[in-house]
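Read through the structures below before going on.
You will see chain A twice below: alongside chain B first, and alongside chain C after that.
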Partner chain A sequence: MTIANSTELICFVVLAAVVVLGSLGVVLLSNIVYSAFLLGGVFMAVAGLYLLLNASFVAAAQVLVYVGAVNVLILFAIMLVNKREDLKPVEGLQLRRLLSGGVCAGLLILLVRVVVSTPWAVPGPAAIGEGATERIGEHLFTDYLLPFELASVLLLMAMIGAIVLARRDVLEADVGTGDAVDQGLIEKPSTPLLVDQSTR
Partner chain B sequence: MVTNLATAAPALVSPGLDLELSFTQALQGLGLSPQVAHLIWLPLPMALVLVAAIVGVLVTVWLERKISAAAQQRIGPEYAGPLGVLQPMADGLKLLVKEDVIPARADGLLFTLGPVLVLVPVILSWLIVPFGQNLLISNVGVGIFLWISLSSIQPIGLLMSGYASNNKYSLLGGLRAAAQSISYEIPLALSVLAVVMMSNSLSTVDIVDQQNGAGVLSWNVWRQPVGFLIFWICALAECERLPFDLPEAEEELVAGYQTEYAGMKFALFYLGSYINLVLSALLVSVLYLGGWGFPIPVEWLAGWLGQSVDAPVVQVITASVGIVMTVLKAYLLVFLAILLRWTTPRVRIDQLLDLGWKFLLPLSLANLLITAALKLVFPSAFGG
Partner chain C sequence: MFGPLPIQAFLLLAALLFCIGVWGLINSRNAVRVLMSIELMLNAVNINLMTFSSYLDGDLIRGQVFAVFVITVAAAEAAVGLAILLSLYRNRVTVDMERFNLLRW
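Let's look at the complex of A and B:
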């Protein structure tokens, strides 16, 4: 076995261990801040696995999107609404845990069965390495154009929804409870768009 | 329209000095296998660049002290060595031997991990900084994209240290730092994208090669003046330099996320921010100011003097000139950043976010579209 091969194997074992243990930590830790930070570690380890597969562009995109954007936003949300309140104990917590554990175990058995029974082509197709950036770009602008555009429309919809939910001053009634919003309480830089101006 | 970019990229650049090849060949001449020779070579450029980064920080700290003193009509450090050049070493030594305090109610693990997460991505980004045709650690294909994605890890470290300090100023500083860095990353990436579009490659070496056809006239700054300004503003914001140093605004937040830190952990933040400043200046010079290129192409000079570009002496001189030019351009930008720090007032958080989202983002999008249009209309001038 050459030096390169053994290095690759060691890297794979370490990264795989980080992914598995980190994901378990994300689910099982009771402190949600630890879970969020561990999630970032798991994303980084997945990016490392992409690197091992010689897909450096995908690895860099994974770091940029999942660690730099998704995980930072999760942390942001947790820290902005980090109210220290005692939660009410849920009834039948043990039973719920058993049930969800059972569902997860069933899913795991199903996936293991798929992995074992599929005839994988070993070794897989050769990685194109540095040419991947161009290949991904070509696909995004030709045969994957429609999914790409649909994803951007979906993101736009999510963004508008988030803005409407966050800026209560543009709505007459609270989205959650249906109570009328007291417009006097909200500081506004400009007159709200969606509030009926004729009633005041 | 799908074009094959690999065929469009010119491959007519002289290979220049290849230290790795000569080093591994020398070791193989001593009877070692190519693999072992490669293994011995691997840590050398990394160590060299790490030392270069640290020395760069020491020089920057000294410059900061001296220039701030000049701006305020003081003398600045003068006793530690001639002109006070040893002052940064004294600062570092002081931080090294200082007591390492972890606040009693802080989260010890995250408190320690935070500064590390801030420093490591910045040092890793030096991987792609080229000082010459072959004078960089690794000419990775994703190049400049690697730097953008690595710099997006930093906010996690800042949030982590802000949260773990268990202090309201720290948390606010961490949140501000993360918000600022997310907002300015987008215009930064878009202005880099315009440059990448012109050079048809993400690799920093290709970006510099594409600028060095006609010396100073072919530098990207003439073709991307708006992108250059956007990039520089965003780089200052990413480095949390004044006028964008809100996360550590002394009057409002004590020192932001660094408030509870002392000793070596504080030094890691300090080191990280200065390494980041030098790195940003280096990348501005690589992306917009021709990288290692001399204002008049070295090939022309060699031709006028009747020397072959491939002659060993000319190659060594070319490589040295390249390193000097890269560092010189970067330090001129560092000087500009220091001057800006000591002459401009700090912006408010709403002004900062307005500038980022309502001005720089649309401007960089327009810059990208105009670059694409110009590339289609004038393919020869805009790297078609």
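Let's look at the complex of A and C:
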């Protein structure tokens, strides 16, 4: 995009602040519904960053797939498993948090060091800007044709797998008594198979 | 008065986002939040790919094609992950990660 440098800087600072604060909220907030909506905000801000990076097609795909599909899917999952439960305290949880925080901070320091100390070969070739979408199409149907076809197979597999996994198994007859089970489509209260009775 | 944005700005932002995602992945006790953290990490990787595509490969933009594939795989992963989560919830009546310990020795 051809915008002034100062405008670009302001856009980047605002989007980066939304991304960082939003993702911290996703991880730290105790209410999972707030986390899901903040995640949508983070996805939108990342799409804005893509626009700053001359990638309008991927920004549109990000909004459609992430905000439109993944985030809605997550909200549906929250709705389906929405049970207020008091999590049992686990011993050593604070220590675990501190330790993993230390590990993540170390990883961040390592990445920052790599980013700062590497001599990047900038400026590279001039960005093609508005022709990016056509170039992506050319790539997808010439040198990336096999991954493209494999991606469609993967999506089909994921669709069938999700249906099989999320389907409620219906038995012809009751396992205990041998009576026929009524096969209505109405959701029945499930009998949890693996709940350990000691903790209930 | 300002120069163009340096490549390091985007890379540092992606590194920070990735580390936040890793921390959330390890520490979340709600299974849905674990899936959200994975999405954050995938987004961080995508920002990296797009940055390299824009700054170092502006002509061929192979990074953008990679990002499209990553988005595809992320959508498939979210669908299957949430289906697994639903069937887990149906069997255990909880989303607490500490109680999904059936395979733990």
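The criterion applied here is as follows: the second predicted complex is superposed on the first by the 160 of 200 C-alpha atoms of A that agree within 3 Å, B and C clash if a C-alpha of one lies under 4 Å from a C-alpha of the other, contacts with A are read in each partner's own complex, and residues count from 1 in each chain.
As a working rule, a residue touches a chain if its C-beta (ideal position, glycine included) is under 8 Å from a C-beta of that chain, and two chains touch if they have at least 3 such contacts.
Everything numeric in this text was worked out from a predicted model, so none of it was measured.
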So, after the overlay on chain A, do chain B and chain C clash or fit? They fit
| request: May I ask you to decide whether A:Leu9 touches chain B, chain C, both, or neither, giving the answer as first, second, both or neither? | output: second
- request: Would you sort A:Ser100 into first (chain B), second (chain C), both or neither based on which partner it touches?
  value: second
- Query: First (chain B), second (chain C), both or neither: which does A:Val67 touch?
  - Reply: first
- Query: Is A:Glu130 touching the first partner chain B, the second partner chain C, both, or neither of them?
  - Reply: first
Larger residue footprint on chain A, choosing between chain B and chain C, goes to C
Query raised in the report: Looking at the overlay, does A:Leu80 come into contact with chain B only (first), chain C only (second), both, or neither?
Result: both
Taking the superposition as given, does A:Phe57 touch the first partner, chain B, the second, chain C, both, or neither? both
Exercise. Which partner does A:Val46 reach: the first (chain B), the second (chain C), both, or neither?
Worked result: second
Distance floor for C-alpha atoms, chain B against chain C, superposed on A, in Å, equals 14
Dual-contact residues of chain A, meaning touching chain B and chain C, are 57, 61, 69, 76, 80
Within the complex, chain B is touched by chain A residues 2-4, 33, 37, 40, 44, 56-57, 60-61, 63-64, 67-69, 71-72, 75-76, 79-80, 129-131, 133-134, 138, 141-142
Contacts from chain C onto chain A in the complex sit at residues 1-13, 15-24, 26-33, 35-37, 39-40, 43, 46-47, 50-51, 53-62, 64-65, 67-69, 71-80, 82-87, 89-96, 98-99, 102
Per the touch rule above, chain A residues touching chain C in the complex are 5-6, 8-9, 12, 16, 19-20, 23-24, 26-27, 32, 35-36, 39, 42-43, 46, 49-50, 52-55, 57-58, 61-62, 65-66, 69-70, 73-74, 76-78, 80-81, 83, 85, 87-88, 90, 96-97, 100-101, 104-105, 107-108, 111-112, 115-116, 120-128, 132, 135-136, 139-140, 144, 147, 151, 154-155, 157-159, 161-163, 165-166, 168, 190, 192-195, 199
Contacts from chain B onto chain A in the complex sit at residues 2, 4-6, 35, 39, 110, 140-142, 145-146, 148-150, 152-153, 155-156, 159-160, 162-163, 171, 174-175, 178-179, 182, 185, 202
